[in-house]
Every structure is written in structure tokens, then in C-alpha cells.
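Some structures to go through are shown next.
Two complexes follow with chain A in common, the first pairing it with chain B and the second with chain C.
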Partner chain A sequence: MSRLLDIKNLSVSFVSGEETVRAVTDVSFDLCEDEVLTLVGETGCGKSIIAHAISGLLPPEALVSGEIRYKEKDLQSIPEEERVLLRGCEIGIVLQNPSRALNPLYTIGHQIRETILRHTEKSKEESHGMVAGALRRMGFSDPGIEMKRYPFESSGGMNQRFVIASSTILSPDLLIADEPTTGLDRSRIQDVITEFERIMEEEEMAIILITHDLAVARRLADRIGIMYAGEVVEMGDANRIFEEPYHPYTKGLFGSLPENGCVPIPGVSPPMSRIVSGCRFHPRCGKRTAVCERDHPQLGMIDDRYVRCHLCHSQ
Partner chain B sequence: MPLAVENIEKSYLRGHFRKVPFDVLKGVSLEIQEGETVGLMGDSGSGKSTLARILAGLDRPTSGRILYEGSDIHRMKRSEFRSYRRSVQMVFQDPASALNPMKTIGRSLEDVARLAGVGSDGIEEAVKEMLAVGGLDPEVLRRYPDQISGGQIQRIALARVLFHRPSYLILDEPTSALDVSVQAQILQLLRTIQKETGMGCLFISHDEAVVRFISDRVVRLADGEISSDEPPGI
Partner chain C sequence: MNRAGLIGFAILSIFFLMAVAPWIFAPYDPYIRFTPYAEPGTDHILGTNDMGHDILSELIYSARASLFVGFVAAILATLLGVIIGIIAGYYRGWIEDLLMGVTDIFLMIPKIPMIIIIAAFLGSGIWVLILVFGAFSWTAIARIARSKVLQIRESGFVLSARCLGFSNRFIMAREIAPNLTHIVFPKFMLLAASAMITEASISFIGLGDPSMKSWGVMLSFAFTKGGLLNGMWWWYIPPGIAISVCVMAIALIGYSREKGADIGVRG
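This part shows the complex of A and B:
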């Protein structure tokens, strides 16, 4: 598999008054064609900021450093017109809140068709057929009826599937899905998972899936990156990390699951404007030592994965 | 005394131009004992939240009875109904919407004490009590709702309703918007409080693992009817 995306030392911060919010610090990873990478972490840990940085959807006041290379192209230096063409055509995006991603004044059919008409030379009739096909693949038995619906006439789960249909209709090479299952009930989550599994099986598409739902991550991911306070703290093969987490935060996160006894991690995540010195997780880590409080750990290889922890590296 | 609903039915008129009656609940009967946690599951639109609102006295059923201490709550005297509303409290999925965004958390908690009849000399003590129950840092008192995390807001919501020392607590998706580690903190806090106070709980969620963890019994609603009522089975 060849490399599709290469992110090196990506940092994103925002200046608000006298405060600097360091949303993402020094994140590096790559993504191969056909691979599913899941970024997992708590609210505010910087996962969505990475998705927005790749998609070029960060607000203008964001201070971005580092490299984001897509098919060898530096996405930060290409003109906006080229970026707009890439987005929707080669890079599909599924945003967190489907009801906000859809225009309430247009029908579903109109909105999905717009993607095709904007990026290809297809006629209205041809695009109509493509939309019907995409909706049928998404499990809607009568696409004609669904195309005439407005977003408010559909449930959150249906709207999410419409957004996925719209984002994947041109078979992008990269799909970025930011919390596609948040706010949906279990059976709707199952629908979305099934749709992703179909995409993974039938289409050659790399996927970056951002979620805080560990069950969804485990089902879909080839590789997983665990994020804490703007940094990747553990990254590697998803099955191996779920079987045997190394980083104390990853262990804490998995231990918080109801099926593992709901053992909470003490304390709360630090505000991104007041990052502690040393390891960012040390105030909540039961195994911290003096070095954890003093030195900031680097992301280093241990066995089959990358881990950012002094203790793991010293063992 | 148990809290019970008997043969509850609820219909709404639905539609934009032509109003069509829609049956949300179709003869639901359910009993919650003191100290018991009943998990209520079901898909969106199955009637979970409607049942919760009816139990909390925030909505009236089309037919059927809600029995508390042997009396139908909608046949109670006004003062008795007010006391029922204090005894059966509710926590919502998005508690931030129940907090005044223009007031600091401290002011909001002072209001809770004042409305509960605490005199001005006891308000500081009452706020301290709420902070202790919710395991909250006094630092949150000077913050506004948009300056604190979802987990802290949910702790404040719990502390606020528990100040009334309810006999029953209805929680409508209280952890759906929270991260797993914060969810674990709230569930453990709820368990501790329940052990100390012996209150009964109706815990609504669509997360099977969460419901199994917290509940003594799991009731499933499907299309407005109870489809199963069984132990959590862990």
C-alpha cells in the first residue's frame, strides 16, 4: 500500500486575549491507501482540530505549523481553489452534526446532487441516477422518496447516512469522519458502522475516523491513535492496543468502560491554555515519578507501537 | 413506598398541515421500588423521554395513573403535588440548558437553596453541601456554565437535584454527551449517593453497557409498549 497522507509535527494553536490555547502539539502520522486510522480521546483533546486542519476548514485565526502532505502535495501551500476542488472530490468529510451539515432549505436529493454537479461534468439526469444508487447502497429501499425529503423530516441517523452518501458519492481517496456516530442511538450507530464496513470492503478508500466511542473504534480501525491534551500518547495496531494498552492514560480510558467496571481516571483533563510541565498526563497518573513531573516525554517506539511515556520506556 | 405508573397512554397531534394523532405510549405500567435502579432502554421515538416527563409530573398522560404513596399525583392537592415534585427529581441529557447562562454557578446554586426555603444565613452552608455532594471544587462557583466541562455541569445538575433529598431520581440520558472516563465518574458518584440515600432511580439510556452496569432491572420500550422487563444479566 502506498502512502496517501503524511502529517509531520502538526501544531495548531489559537490566541484568545492573553491566553494561547495549544489545541494540537507536534502530531505526526501517515496514512496508507485503504487504511482505517482511528483517533480516539476525550472531548477537547484536539482530534477534530486535526480533521479540520487536513480539510482546510480551520478558522483564519488558527496558527498552524508543521506539514500536511496529501499525495506529496503540501496542503498548506496550495491555492484555496485547488483545495476546494480536492475537498469533496478527493477528500470527503463527514462532520459531527449531520443536521448542521445539511441545508434545511433544500431537499436531500438536491444537496447530494450538488456535490456531483460541482465537481464533475455529469448532467442532471446522470447525477440523479448516481444519487439514487448511493442512497440504495446506504440501505434506503426507495431512494425516490428519500431524495424529496428535507433534513427536518428525517431522523439523526438517516441524516448521517445522507451525509455519508454525499461525502462518498464521488469515491474520494480519503474520507475524514469526525464523530459520525455521536448523538445517535445504538441501532442507528449500527447502521453507520455497517455503512463504513461496506465502504471498507467495496471501495478503495483510506479513512480517518475520529471518535470517542471506543466500541466503534475497535470495530473499524486498522490502526488507532490515542490522544490526550493535544498530543498522541499511543499509536499502533488497533487490536494489539485494545488487547494490551501500554500508556497509563490508554489503560485508564479502557478501564472507564462499563464492561471493565467503570473505574474512573482521577481528576480532569487540563485546559489547553494551561498545559502542565513534564508529561501532560502526570497529574492524573497513579504511577508518576519525579521525571514525569519534570521532563516532557517524546513519542518513541516500544515493541509494535509508539508510546509517549517515561515509565513505559524505562521498563 | 414505590413509584408506579399504571396503564399510561399518551398521544400527540403530529404533522405540519394536517394534524394526525400519534400514540407515543400505549398502556405502559411500571413500578420502581425505593433503592432500586430501573434501566429504561429503547430507540429514539420509543417513548422513553415522554414516560420520564410524565413520571416527573412535567407532562400529563392522556389516560392512566401515576401513583406515589398510594395517591394519583394528578388528583393531589396543590401542596401535595408540589411536595411530589420535590420528592421526584429529574436530570436531563443537556443540563447546561437548565442553567442560566447569565449567572455564575455560585449564583445558580444559591437560587436552588433559596427556592428550597433556606434562609439567607444558611445559604453559604447549603452551597458548600451541594459542592460536597457533587465532588466539586469551590473554584467552579465563580464560573459561568460555558466555562466549565460537560462532566462538571452534570455533577452540578446532580448536586442541585439531590439537595431536595428526593426519594426518586429520573435521569434522562445523563451520560450520553460525556466521555467514557467522565461517564465512569458520574456513574460511580450516582452509585455512592444511592447507597447512602436509598433513593430509587429510573435511568434512561440507549447504551446497553451503561444500563447493565448501573441497573437492578432493565425495561425495554418499543413503539410505546414495554417489550421486556428483566435483570441486567451481567
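This part shows the complex of A and C:
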């Protein structure tokens, strides 16, 4: 499988007044075609920032360093118009909060069709047929009715599927889904997961899935990256990590799941404006040693995965 | 629309009909000359003026000019205001500072004195009035449009439109602008009413187009040609009532829509 996306040493920070908020520090990963990478972490750990950085949706005041290469193109240096055209056509993006992602004034069919008309030379009738086909594949037995509806006439789960439909209708090579299940109830989450599984099965699409729902991550991910305070702390094969997490934070995260006893990690994640010296997780880590407080650990390979922890490396 | 709005709508429709097809309502052509200064009677319900024109016919034919000035000036001001407001709210940064600075400057300029000065230089005329009113009345709309755009631009559908690769122009025109209708419409109606009053005032002080029939011009002649001194109430009261009722109708529609303006796009 060839490499689709290659991110090297990506850092994003925001300067507001005298404070510098380092939202993402030194994140590197790559993504093959047809691979599903899940980024997991607490709120505010910088996972959405990575999605926005790839899609070029960061506000202008964001300071971005590092390299984002998509199909051998450096996304940072290509002109803005080219980048705008990539979005929606080659790079599909699904954001959280589906009900707000649709314009309340237009019908579903109209909104999905606009995407096709924007990027292709297709006629209205052809695009109408494409939308109907996409909705039918998503399990709407009568797309004609759904297409005439307005967003407020449909449920959150349906809207999220419409958003996914409009992001994937042109079969992008890369789909970035930023918390696609947040704000939905259990059965709606199920719909969305089913939808992703169908895409993974039927289409050749690399997916970056950003979530804090570990169950969703476990269902869909080929590879998983655990993030803490703007850094990747553990990254590797999803099944292996779920079976046996190495990093104390990953262990804590899994331990806090209801099925694993619901044991929370003590403390709260540090504010991103004041970076903790040493290992960023050490104030909350039960196994910290002197070296954890002093030295910042590097991401290193252990067995089959990357881990950022002094303890794991010394064992 | 509530009941007040419906009443306003009904009254305004009648005025619009008068403006479009005055011959249906008017008993005579307003330029036919009869005996001047006739009192109201069976032939002339509202009498005749100094030129011998039938005042009722004149009143009905005047609706066209008054409504035309009101709505064209309001459309001009609204378009300017919405475009400036959307650009300022969408791009933010120095563009916003510049546009809103200009808005603040325009906000300070008093409209009617400005129109009087410009009419004195350029000569009076309906288009001067419309252009000057339009050029100086967009500020309120620009400000409310901008503040709403600041809110809408952060909403999910604008972000997802960007995600889907739509251009800024498309997003401003097709995603944001339609969502401003419910807050801009009441302002638009009030602007139309205000433009009509301005037209009447300017015409009244003699800076209007004297060859044109409008309520303001009628009032102006009623005063200058002795209608008031002679107590000819049928000459000067009806145009006053027509302006008031028409402005009230427009304002009623505007207010009735304003009440619904809170509903709409949230966050």
C-alpha cells in the first residue's frame, strides 16, 4: 500500500496576548491508502487541531510548523485556491454536531448536490441521481423523500449521515472525521458506525477518525494514536494496544471505561499554555520517578509500537 | 405574521395597487384642469387645487412617486448595508476595522441636512434623493448584518461549506446572506418608511421635483399656494394622512417580522 499522507513534526500554537498556547507539539504519523487511523484523547488534547491543520481550516492566527504532505504535495505551501478545491473533492471532512453542519434554509438534496456541482461538470439531473444513489446506499429506502426534507425535519443521526454523504459523495481519497459521534445517542452512534464500516468495506478511502469514544475507536480503527496534552504518547496497531496498553496514560484511559471498573485518572490535564516540565503526564502518573519530572521523554519504538514513556523504555 | 402585520400588509397592498394602476381608483386624470380652489362636492370629492387639478386624483397618482422613492432608496441602502456587513463580518481583521470605521463616520452624518446640501448643489430630483438617502442610510443595516455574520460564520454549516471546498464568495452569498433575511427585513421596511418621510420633508421644503406628483409636493403647494391660510383642509390634510397611513402600514409589517427575528440560526 502506498503512502497517502505523511505528517512530520507538526506543531500548532496560538499566541494570544502574552500567552502561547501550544495545542499540538511535534506530532508525526503517516497514513496509507485504505487505512483507518484513530486519534484518541481527552478534550483539549489537540486532536481536532490536527484535523483542522490537515484540512487547512485553522484560523489565520495559528502558528503551524512541520510538514504535511498529501500525495507528495506539501499542503502548507500550495496556493489557497488549490487547497480549497482539494477539500470536498479529494479530502472529505466530517465535523461534529451534525445538526449545525447543514444550512437550515436548504433541503438535504440541495446541499449534497451543491458539493457535486462545485467540483464536477455534472448536470443537475446527473447530480440528482448521484445523491439519490448515495442515500440509497446509506439505507434510506426512499431517497426522494429525504432529499426534499430540511435539516430540522430529520433526526441528529440522520443529519450526520447526510453530512457523511455530502463529504464522501465524490469518493475522496482521505476522509477526516472529527468526533462524528459526539452529541448523538447510542443508537444513532450505531448508525454512524455502520455507515463508516460500509464506507471502509465498499470504498478505497483512508480515514482519520478523531474521537474520545474508545468503543467507536475499537470498532473502526486499524491503527490508533493516543494523545495527551498535544503529544502522541502511544501509537500502533489498534488491536494490540487495546489488548495490552504500555503507556500509563493509555492504561489509565482504558481503566476508566465502565467495563474495566470505571477508575478515573487522578487530576486533570494541564492547561496548554503552561507546559509541564519533564514528562507531561508525570503529575498524574502513579509510577513517576525522578527522571519523569526532569526529562521530557521521546517517542520511541517498543515492540510493535511507538511509546513516549521513560518507564516503558527502561524496562 | 400577526394581526397587526396583516393589517399593515392589507393597507400597503392598496397603496401598491394605487401606485401600479392609479387610473382604476382616480376619478380624473390629475393633470386635467377644472375650476381652481373648488370646495369638496359631488364632482370633486376633495375639491381642486390652485391649478384646478382634482385633489383626490392627485392624491392617488402621488402614491407611485412616494412608494417608488421609499422602496428604491431602501433597497439601495439595504444592499449596501448587507454587502458591507457580510464582508466585514466574514473576513474580520483589518477589513472589518476599515469598513466599520467608515460605517461609524457615515453614522455621524445627519441625513436630511446632507440631502438638502446635495440637492442645492446637484439640483433637486427624485434620483438625487434616492441616491443620497441610499448612500447615507446603510449604516444600521451594515452593523446588524455584521454582528449576525460574526455569529453565523462560526456555525457548523459555514465550517462544513468550507470543508466541502466552497469559495468565500459562494459561502457569503449562498450560505450566510439568506440567513440574514429575518433580521434585515424589518430594518428594510423601516428604512422604506423613513425614506418616504424624508421624501415628503424634502419636497415640502421645496427641494423636491415640482413637476412630479408626490404627497410631499402636494403638501408643499398647499402651503405655498395659500391652502393653509384659506383653511382649505381638504387640500393639505389628505396627503398628510396618506403619508402617515402608508408609513404606519410599512412599520406594522416591519415590527411584526421583528418579533420573529430571534428565531433562526443559533450558534
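Criterion: the second predicted complex is superposed on the first by the 315 of 315 C-alpha atoms of A that agree within 3 Å, B and C clash if a C-alpha of one lies under 4 Å from a C-alpha of the other, contacts with A are read in each partner's own complex, and residues count from 1 in each chain.
Basically, contacts are C-beta pairs under 8 Å (C-beta built on N, C-alpha and C of every residue); 3 or more make two chains touch, one makes a residue touch a chain.
Just so it is clear, the structure is predicted and the values come from calculations on it, not from any experiment.
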Fit or clash - chain C, chain B, common chain A: fit
Touched partner set for A:268, first chain B, second chain C, both or neither: first
Which of chain B and chain C A:212 touches, first, second, both or neither: first
Which superposed partner A:87 touches (first chain B, second chain C, both, neither): second
Partner chain in contact with A:301 - chain B first, chain C second, else both or neither: neither
Partner chain(s) touched by A:119 [first = chain B, second = chain C, both, neither]: second
Partner chain in contact with A:57 - chain B first, chain C second, else both or neither: second
Chain B versus chain C - smallest C-alpha distance in the overlay, whole Å: 12
Intersection of the chain A residues that touch chain B with those that touch chain C: none
In the complex, chain A residues that touch chain C: 55, 57, 60, 84-89, 92-95, 97-105, 114-115, 118-119, 163, 166-167
Chain C residues within the chain A interface of the complex: 93, 155-157, 159-167, 170, 174-175, 178-179, 264-265, 267
Chain A-touching residues of chain B, taken from the complex the two chains share: 43-45, 149-152, 176, 179-185, 187-188, 206-210, 212-214
Residues of chain A that touch chain B when the two form their complex: 42-44, 155-157, 183, 185-188, 212, 214, 252-253, 255-259, 262-265, 268-269
